[in-house]
Amino acid sequence: MTEPLVEIKNLRTHFFTDEGVVKAVEDVSLTIPRGKTLGLVGESGCGKSVTALSIIRLISPPGKIVSGSIAFYDDGRKIELTTLPEAEMRKMRGSRIAMIFQEPMTSLNPVFTVGSQIAEAVRLHHRVSSREAWDRAVEMLHKVRIPDAQRRASEYPHHFSGGMRQRVMIAMALSCNPKLLIADEPSTALDVTIQAQVLDLLRDLQTEFGMSILIITHDLGVIAEMADDVCVMYASKVVEYAPVVELFTNPLHPYTRGLFASRPEPGKPKDQKLRTIPGVVPSPLRFPSGCKFHPRCAYAQERCKKEEPVLRRPNLSQIPPSHVVHCHFAEQIEEQEEAAVKSV
Amino acid sequence: MLQYLVRRMLWGLLTLLLITFVIYGLIRFMPGDPALLKLYQESSDKKITAEQIEQQRKMYGLDQPFYIAYVKWLGDVLTGNLQTSFAYKAPVSSVIGERIGRTLMLTINSLILEYLLAIPLGLYFTARSSRLDERSGSMLLFMLYSLPSFCGALFLQLWFAVYLEWLPLHGMQSDNYEQLSTLGKTWDLFKHALLPVAAFTYGGLAYYSRFLKATMNETVRQDYIRTARAKGIGPLKVLCWHAFRNSLIPLVTQIGLTLPALLSGAIILERIFSWPGIGTLFFQSILERDYPIIMGLVLMFSILTLLGQLLADVLYAFVDPRVSYK
Amino acid sequence: MTVQAPAPTPTAAAPATRPLLQVTNLKKHFPIRRGVFQRVVGHVRAVDDVSFHINPGETLGLVGESGCGKTTVGRTLLRLIEPTAGEIAFEGRDVRALSGGQLRQLRRDMQIVFQDPYGSLNPRMTIRAIVEEGLIIHGLGNRKERLEKVIDTLEDVGLDPTYINRYPHEFSGGQRQRICVARALALNPKFMVLDEPISALDVSIQSQIINLFTELRRKHNLTYLFISHDLSVVEYISDRVAVMYLGELVETGTSRELYHHAIHPYTKALLSSVPKMTPGKKPERIVLPGDVPSPSRPPPGCRFHPRCPLAIDICKVESPRETIVDGHMFRCHVMEQQLKSPASKK
Amino acid sequence: MVALVTIVLLFLVALCSPAIVGTKPIVCNYKGNLYFPCLGYFNPKWENPIFIKDKFRGVYPRSLKQKDAESWAVWPLVYQDPYRRVKADEWHGVPSSREMLDNPVQNHGKPSAHNFFGTTPYGVDVFAGMVHGTRIAVLVGFVSMGIASFIGITIGALAGYFRGWIDVVLSRLIEVVMCIPTLVLILALISVIAEPTVWHLMAIIGVTSWTSIARLTRAEFLKLREMDYVAAARALGASHVRIIFIHVLRNALAPVLVPISFGVAAAILIESALSFLGFGAPPPNPSWGNLLHLGQDHILGKMWWLVLFPGLGIFLTVLCYNLVGEGLQEATDPRLRQAGK
Amino acid sequence: SSQPPTTTTTTQATEVKQPTLQTFDPPPLEKLLADHQWIERPVVDSLKLRREFEKDKKPLVSVAEALAMKNDSDKANEKIVGTLGLLPKDDSAVDFDASIVRRLQQEPKSLNPILTSSMSETEINNLTAFGLFSFDWQLNPFASWDTVKSWKASDDNLVDIVVMRDDLTWSDGKPITAHDVVYSFQTIMDPNIDVPAQRSGTDKIRWVHAYDNHTVAFFHKEPLVTNVWNVNFAVIPKHVYEPHRRSDPKLERDLDIDKQVVGGAYGFASRTRGQELVLQRRESYYRHNGKQVRDKPYFQEIRFKIMPDPNTSMLELQRGGIAEAELSPGQWQEQTNDAGFYQHNTKVRGSEWTFFYFGWNFNTPYFSDLKVRQAMSYAFHHDEMLKVHCYGLFEPCTGIFHPESWMMASQPKRPPQKQDLDKAEDLLDAAGWEFDPSLGVRAKTIGGKKVPFKFTMLVRNSADRVAICELLKQNLQSIGVEVSIAALETATLQQRLQSKQFEANFGGWGTGADPDTSENIWGSNQERNWGGYSNPKVDQLFADGRKENDRQKRGAIYAEIDRLTYDDQVYTFLYYQPSLYAFSKDMRGYMFSPRGPFHYGPGFSAIWQAAQ
């Protein structure tokens, strides 16, 4: 296996709020391979964004990376991001690691032209004249398929539609050839047809620029389309981690299973009720003891209430080694399920 | 834009008409009569007769109902004549013209000062959010904000003019003003203006820096600030360039809205500092029922207020590309 | 397959029973006002000439991109927004002609559930007050009866009635959506507009709510207009589906028909844009170029033509008619010609 | 929080002022009956006329003993009067538990054991004046803001809820009132009234300071009327009145409280500024503004206590209201609250 | 209605008579002179008068001692005034190059002497305006030696002939002539010109005629003693105002400061509106054709600083920034006792005939009754007021004329009023105002209706005055009468008084130069008689007083008026307010008249700065 681009080990990020400590990310480990895409899925509030922001170190004050390491492998050098001085980190941002956000409507500064916002990023990391930076901005706009880029570069964000703004965001993120692009729900706020445009664009640009992408979404379809590896999070924890095809064919964690099963699928019989995951997502201030999923888990047992499982390879023959799961009873559940399928 | 301006002006004129009419009615309904007042200003030395009173009232046009007098006033104003003051033997425009500069000297300077000081302070407090210095500084500003300006002015006077004798207590010029060189005159004016400007400024300063801090606090939470930081921009630049440009929008609109408030604040402060500006004039004219002067000043205040609002909107369009009046 | 001329009434496609709701040529144009004089400088044609019907007990799905006018349709049905033109007949009564008391009566029968469960509950009212409000307005029952009804309804939507005196902020999104449903349900309506009721919810919660709707439909024999942009959910829940584009209905049909034999190029593109749950396979999709045009200045002719892969000259000038093929309605010049020409028949 | 406690304290002081300082017994037994003469400070009518009839001449301690040896009385904590100069001989005939002196006059009335905050040049106790003045401070803030809120909320609500031409007309009204310099308006209105009382003053302050409330209410209404829960209420068949009062107003109220509480501070300031110009609470009301005005007249007489105590009173009260306003602002602004550390 | 009911209560209001001039053909001078017996009238050099007055006065202390002294008693005051108030022994003692800075309370509105209406303007006109007449510190009128050669009156008191000096020039060099006097008279009488105050007085004159450049005759309508006051009006330059009035017939606009032409001792140098006004000594005033013809005014320059705020003027005094300022009693007692004040200044006082009172409206059910008015006077705690509110500085007032005035010279002094609550209550009871426990106040049944004794006291909104009303309120409250106090600004107060819509008021009257002017206050239906007091005897006495030539007899008439009004208790008389002044230690020559230190002849002209 080649050297990964980013390796996160046991990351803990907490928010020290008045009501208590919000453990937004607990003991998360993952790797982002070079030139590949890692998908991050999970319920709202499970810590996806915080994980991403921890990588780029943009956690704002009450929040803090408490422990863990984030290693960034740059041209053979290993850079530890958690301890990197702020000035150094700033150099990383934009040039090595870029990020785009969910809300294209509010993520661009309304009082500056689109071109200048891109050019600003370019000038920050490259010693170029403002003319050259501008040209680069126009070129990037062109690359993200904005028609009439030359003219539109000097327009303000409010002149752009949502999809176009998201493309501008992508242009800005990619303007300095980053090694890693973090896309935090890049298409959730967009319409289906526009989402298709943006996803297509991202894929094309990935082949062109060869960067790695960390894509965050809660749409399994997007994951299926974009990701090479998938990491499923639930309540600040990684609950399952596998290559995409593997995960879609063999979901092991009861939460992942539930997620797949609760989607209405084309062709599913209509008169049948959807399968649901009962209950609600726990508040990060009051996580249940033991396995955090146990109150909603159909297979929960006494042990689940007391003992927190570890992320491990399940002891199942057909599962490849890259598939890990965070469940005491992954094997048993698999057996039960198979039995159920057979019995139907 | 032009069309917009014209439309705004039309509305403004209508508002002006309404305001002046209301005020005209109001001051005419105020008991107290300039004619009587004039007659009684002299001590009992001179006898007064009913004819005299009547004649005096006629001379001031008080024998007509107020709406007719208002129409007459309006007609005069439309021909550019603000009428002649009852008390001052001079046209209203020249009485006001003579003093407006002095008031503006205080208010404009304090406005500039407020902004000049409030902006760095506000930025500083945003940057140092919830540290000790920010908290104590904010508290201090808050206390200043709650200190009535007339109390503040008294304390300033007592301390700097009476105890320390560093600065002149009141007035606008020294006795020897005429003999001074241009530089000396400026210096003299400066010394006289320092205390009143300070008294004018501190409240506004506190208000604006708190205002800026509040809007900045809101702005820095916006998504685009996160975007800017994700680009690798340093915190100072993010604050002063990206966040400030956006906070400027509400701040700028405040300029237009506070301009008239500064003038009405002048009434008390000018009295304390014996500053011969329009605040003093206004108060005096009300007491003397000098209707033409009151109306002239009201007209001016209202025009300023309306212009201020217009200015606020225009500035808004200027600093915020999202707004355009087409 | 037979091709019919545009029919003024969809009786041909409708079952013999009278439709519960019949919408004909509905229009809603929002005036765009500018300046201090509030002069009308243009119109947003949010809904432009929309006709459809819903049979009792049926669920009609309404899909389309953001801003195409789905919400506006839903709200005009209840006269939360006054329509500009068109007819709405509910159980044969002309909804637009109702006033005062009659309108209030109508609102007992028609209810609405909104997209955002956070914004649609008054934060200062208890759950009880919220659910009870409709009963109070309509003067139904005394205090005790009302309380019973509230408790019943809450149980109906799967909420613990002991929560009755809590405030909305003490509930999660899914629970709030249940409260919204309870509020609507308390009046025993016949018809409900569900305006994107699940899109603000977490993935794992969505299925709970969908199940709730199907269950309630069965239990209370409800009729739904289900608005959503989640195509798979619409397919699951609806009997028939209508596709909207820029204020117009471009295609209507039973959900089977529509999902498997879409006729309109927009519907096709829409369906193909949905990311498939099949990893590894390169999706074959029709990526539409450009953005949805503004409804204040819709393109002339067929509104879809600037983005349409099939567009021909006539699309730029003439608006396509409603064409109904086996109860499957669409508006498209190209497909109309194709289906008419016998060569295309297999 | 401290601010809130202070304000509550202020209310208490205002309510109990005659029991804290006064020259009329809180309760006394006179000729076999129980009386509460101290209520006379709230309203002269509530002081039993028997005391005038029996020629008490406003002096209780001496008269009580003289006219009825059996009488007893419970006295306020401090024997001083906010309206008049207290003399040493008032205690005549009463066992001298407290050594009394004539209140000093002119600039001799430094704060002392008898006069905690000194006396005015006319020998009236400043502490008594301040304590009884709290009533006006509290009232001015509340009554005037009550009126202002009523007008402001009504106009703002109508404009914001109904929009259209109602909004155009009302917005213009707001603009007109905003453009009129407040002081002119207040001075004009004060002089129109034949005998201005402190109530008139409050009303006038209220009538002139509703614009900010109206503007905010209007904005809130414009925003809230678009909320889904309003649409839901309409879908249930609710009337305009019901929607305005139950749905919109209730939610608009919290943000509208912010300008109101700042307004209370402003009203107190306006009152003291008016007193400063000689148009404040009419005599003999011991308002803080009047005391400060007196202090300003005598500032060079080194009567610092006349500036310091009322000035401090005004400053602290204004500060407290501002702090409460600030707190409300934070509490009603979800963004700020979210970030509130 | 838009018209405040100002004039509705006056009977003559309906027909408005314009005081226009009836044309009058003066007889030729020779005929005039021949037709009458002529009585020479005094032409006085006021400074000389002062010198004579001081001639046999010995200063009680030396100047140095006086300067070092604190004015903390009547004795000290006498010593200081008696020493520093003297005129210079000779001109070498005077610093003629001195510039004096004076305080003006208000901005002067107009510099035109005939438009004078406020104190500030009077102050300035005393120095700059040209006039033929003046009066001394005992209020004796005379023609001014500075401007008049001779003055004689006809035996029937209907004509005055004045011969002006021929060495008079306006500040622009043109001679001042009798025609200017005539022109001024006619201007004042022009009904279109806003000079109401000036006109009262001149309207008693039938005509003014200039027989030549220097001889001017005043023809009176009636043979009154008070005619000597009526001729005393300011004179303006005809050659300046005649052209000016062509563009500004109503004199609505003042001349610019550099266009002002004056005939007085000082001329205008510069003016900054709202700040200061500078006067300069006129060479052409005291020198004519290279010869000194009049006393040289003592100051080279007079700067008036406009300082409305008493605190700032106090601070300026302490700084040595101004050379004189009037003091409030508070300032006198509290702010001028320390070394800081005495470093540059000293202070002096003299009694002034300005008295204060509670006035009662006779047209109310309460005060129409003498007993009630008396009760009010008994109820009020005069001693407390004198001690506390008057700072122990003021004399009690006991009647409408000052006991030291010539009118009262023959009368015994009345004892001051004392508080007597029992008597007050008895009087009220006797008047039918008995205590009503159900109302909590006294009440009386009038016309079948029970009227509670509650009234409102109007007072100007100054703290000192209000405090005195509060004292009355306390006093009356204790005997079951309720008073509310309405503290009003001047304009409103004036209006309320004028329209007689009040029950009681607190006010004060300054003294007129002649007692006749107070007819306006006590005569029936007179404009300033707000309380509506009406006593035919008093009216008659005023009419007689005007015509009585003999001073002593005249005095007796006014003493009788004083007695009548006192017996009627028209007012509750309170106190006389003295003149209190601070002067720089360099200033000398101040002397108090019943109208303060400046407003008489020589007044300010006698003040000089000691040479260093």
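Per-chain numbering from 1; labels A, B, C, D and E assigned in written order.
Criterion: a residue touches a chain if its C-beta (ideal position, glycine included) is under 8 Å from a C-beta of that chain, and two chains touch if they have at least 3 such contacts.
It should be emphasised that the depicted structure is a prediction, and the values quoted were computed from it without experimental measurement.
Common neighbours of chain B and chain C (chains touching each): A, D. Of all chain pairs, the one joined by the greatest number of contacting C-beta pairs is B-E.
When every chain is represented by the mean of its C-alpha atoms, the one lying closest to the mean of all protein C-alpha atoms is B.
Work out the mean CA point of chain A and of chain B, and you get 55 Å between them. Between chain A and chain E, the centres computed from C-alpha atoms are 92 Å apart.
Separating the centre of chain D from that of chain E, both taken as means of CA atoms, is a distance of 43 Å.
A separation of 28 Å divides the Cα centre of chain B from that of chain D.
The multi-chain contact residues of chain C, meaning those touching 2 or more other chains, are 36. The multi-chain contact residues of chain D, meaning those touching 2 or more other chains, are 191, 194, 296, 299, 341. Residue numbers of chain A whose C-beta contacts span two or more other chains: none are found.
Interface of chain A with chain B (complex): residues 56, 58, 90-95, 98-99, 101, 103, 106-112, 120-121, 124-125, 156, 158, 169, 172. Contacts from chain D toward chain E in the complex involve residues 44-45, 47, 49-50, 52-53, 55-59, 83-85, 105-107, 121-123, 191, 194-196, 278-279, 282-284, 293-294, 296-303. Against chain B, in their complex, chain E makes its touches with residues 1-4, 6-7, 10, 12-13, 16-19, 101, 107, 109-110, 112, 115, 117-118, 191-192, 194, 196-201, 250-254, 270, 272-276, 303, 305-309, 312, 315-316, 319, 321, 489-496, 498, 509-513, 517-521, 526-528. In the complex of the two chains, the chain B residues touching chain D come out as 11, 14-15, 18-19, 22-23, 26-27, 29-32, 130, 142-143, 145-148, 150-151, 154, 158, 217-218, 221, 260, 263-264, 267-268, 271, 282-283, 286, 294, 298, 301-302, 305-306, 309. For chain A in complex with chain C, the residues that touch the partner chain are 43-44, 161, 163-164, 191-197, 199-200, 218-225, 227, 244-245, 247-248, 255, 258-260, 262-266, 268, 270, 273-278, 280-281.
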